[in-house]
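Order of writing sets the chain letters: A, B, C and D. Residues in each chain are counted from 1.
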Amino acid sequence: MSLPICNREEAAGQLMQIAQVLSAKGWLPATSGNLSVLMQKEPLLMAVTASGVDKEFLRQDDIVVVDQDCQVVGGTTHRKPSYETQIHRLIYDLTDAGAVLHVHTVFNNLVGVYAKDGWLKLRSIELIKAFGVWEEDAEIVIPVVDNFADIAELTQHAANRLKLGKLLVPGLLLRTHGIYVWGKTWQEAKKHLQAFEFLFEYLVHAGGELPNPVTRE
Amino acid sequence: MSLPICNREEAAGQLMQIAQVLSAKGWLPATSGNLSVLMQKEPLLMAVTASGVDKEFLRQDDIVVVDQDCQVVGGTTHRKPSYETQIHRLIYDLTDAGAVLHVHTVFNNLVGVYAKDGWLKLRSIELIKAFGVWEEDAEIVIPVVDNFADIAELTQHAANRLKLGKLLVPGLLLRTHGIYVWGKTWQEAKKHLQAFEFLFEYLVHAGGELPNPVTRE
Amino acid sequence: MSLPICNREEAAGQLMQIAQVLSAKGWLPATSGNLSVLMQKEPLLMAVTASGVDKEFLRQDDIVVVDQDCQVVGGTTHRKPSYETQIHRLIYDLTDAGAVLHVHTVFNNLVGVYAKDGWLKLRSIELIKAFGVWEEDAEIVIPVVDNFADIAELTQHAANRLKLGKLLVPGLLLRTHGIYVWGKTWQEAKKHLQAFEFLFEYLVHAGGELPNPVTRE
Amino acid sequence: MSLPICNREEAAGQLMQIAQVLSAKGWLPATSGNLSVLMQKEPLLMAVTASGVDKEFLRQDDIVVVDQDCQVVGGTTHRKPSYETQIHRLIYDLTDAGAVLHVHTVFNNLVGVYAKDGWLKLRSIELIKAFGVWEEDAEIVIPVVDNFADIAELTQHAANRLKLGKLLVPGLLLRTHGIYVWGKTWQEAKKHLQAFEFLFEYLVHAGGELPNPVTRE
């Protein structure tokens, strides 16, 4: 059993701050998206936004504490956790994430048409360094899964795809749905999310065309 | 005769809050758009923004109370209600809406070119769930009417189209004009509106191309 | 000699408010644009933003009072009025404007490619009603002049074009430069400006294609 | 040895203000970008943002003071200066800049595809005047270098390119990376930056097509 990372008040404070920052960018439209922070690694405890909440007006009692079986064990116990809490749990299981952000944007929906065989390739954009990849003309591939309606099927596909991708980038794209992004802290997760969204906007505006690599005469 | 839902002060407070939220998104440009909340179902009483008001600076006395004949019966009685109050009344008649929002955006104007025979089809985008449609690759059709200048003709076409569409989605698109959206509360109406605008932005950026459905190997 | 419309403090207060509203929309980038309000009709006195000021941080002493010869007669007398004050004067001469706004936006620059023979045509978009044109499928033509570097030549072309257009719409587009918009008050000028920018964004996104008119079966 | 221009507190105050302004525009995503102001010309002392800081939340102790060898000599001495501090130093060496801003935007990344042989051409847009170029149909060329991963190689290419361009415009584009912009003050640097970003957005939306020059019948 690991030590607690933060208590419910701290976790709620973090979630309200990140909700405010992301809402201001228009990245949590129509009550979509869900956000979580890890409270304890083992056994798993996470604070997650309740289902159907407008994150533009997120309050402390819109947050529930959930265990490894996605059961509510604290917080506003009569609220249901987000329907997709299983994906959050999966990510905490597979990675050392301390925060997981899931957002729907027009660009992360549009970019799905450039995915091939379950991967979306990006290359040569400086902001790829936000993921800790520093080589010249670095290339990354982002795992992409289809938007299965059944949450168990979706979670299974997500797990397979993440393992195939060896977790080289801290993100998972759900085609026509949105992105899951994580980081050790919510600040790092936010950094990763902003980098992904920048890359997606680039790719959509560029009609799917990747930039040319560096040339030397 | 039904019980009052809210009084004029409460209604005005709600309209000022929603006006602020939507103005910040740029969705009420050039004094366009109009907003209402239901005060009493039977006989109908609704609070609606006065004609020609800049919603970026909406004040309590910019709001009038209107009855089932669209006559001003309260509020700032020397102000005229919005020209399109008849459409609000129609929606309260046909649905269980508690709030109706009408906004002009560049994207809800542009998307009209993808309408066919009075319907705009959307499919497979996760945010369709905002309308309570949960199947995989859910498809919705949004009723679309042309922008008839005569308000009686417009209202008649709107009524016919809404009935044909069986009110399956809480929206009505006026081609080259804007959208009417509703919900049980202004919060729900806002949720629906954000979902529609997301879908319209997607469709315009995608050149009218609907996403491919989920594939299983 | 007409009565004063407002004094310098009132005029400066209005200009600071409109500067704040337009800066927030990103419509006064890189110290561009200039804003004026009429203080007295005859002989002409207007308050106008000084040359080269960042309107995001506009202060009272960034505003000068200028007479019919565009000479500074009040305010911060050591400041130069905007280089384009002559266009403001022209508009006050030709119309009953009480406020003139000039802004550079990416879209009002881009839209110039759709101008033909000095006119830009728009049709059938509801927001055209912001200009007081109420017919179904209303069509407007916006006068457009090339961006002559010489201010006297530019002013002459602007005058000719405005007279040819019979001042039917409260705007003048300077190709690859920006738009001049006016109204009886700054609130009305803002309304007109938002309507023009909406129409320009529409037209650019639509690739210059005007919408189809209303059809009746 | 020249006189100090400003002390560390003043420099930090300026950097925090400009960080706030640029973050609000979304121009410092994912902790990217770096900002500096000159504190002393000779020997060189500059205040620069520390590496990896989220500029949306920039604080005084996120700023370090760096000398001509890019060594930290003041401020939060345990923090590392931005990796690209060498480019800042290069610009202070070659120009009379008092502030240098480096930002990544989707548009300054996209615009790179229109560069030819290390130059990006722009023409006839009024906002070119922000760079002090006043002729009709003024044309500017912006120096562009590829995004070499090695900072010494990048700095060398940047130096060569800037000298070739004779410093006629206060900017240097790093293809698929971002832009460096400078001015005598941070206010002037901000003005230049907003002008560049406007021109880039124009060019991307116009598909790389430069506007036609002024015509006279």
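The definition used in the following text is that a residue touches a chain if its C-beta (ideal position, glycine included) is under 8 Å from a C-beta of that chain, and two chains touch if they have at least 3 such contacts.
Keep in mind that this is a model prediction, so the values were computed, not measured.
Between chain B and chain D, the least number of touching-chain steps is 2.
For the touching copies chain C and chain D, the fraction of interface residue numbers used by both falls below half; the interface is of the different-residue type. Seen as a C-alpha superposition, chain B sits on chain C after a turn of 90°, to the nearest 5. Note on chain placement: the centre of chain A and the centre of chain D lie 31 Å apart, centres being C-alpha means. Annotation: 45 Å between the Cα-based centres of chain A and chain C.
Chain B has no residue in contact with two or more other chains.
Chain contacts in this assembly form a single closed ring in which each chain touches exactly two others. Listed in rising order, the residues of chain A touching chain B in the complex are 26, 29-32, 54, 56, 104, 106, 109-110, 112-113, 146-150, 174-178, 204. Residues of chain C touching chain B in their complex: 21, 25, 124-127, 130, 134-137, 187, 190-192, 194-195, 197-198, 201-202, 205-206, 209, 211, 214-215.
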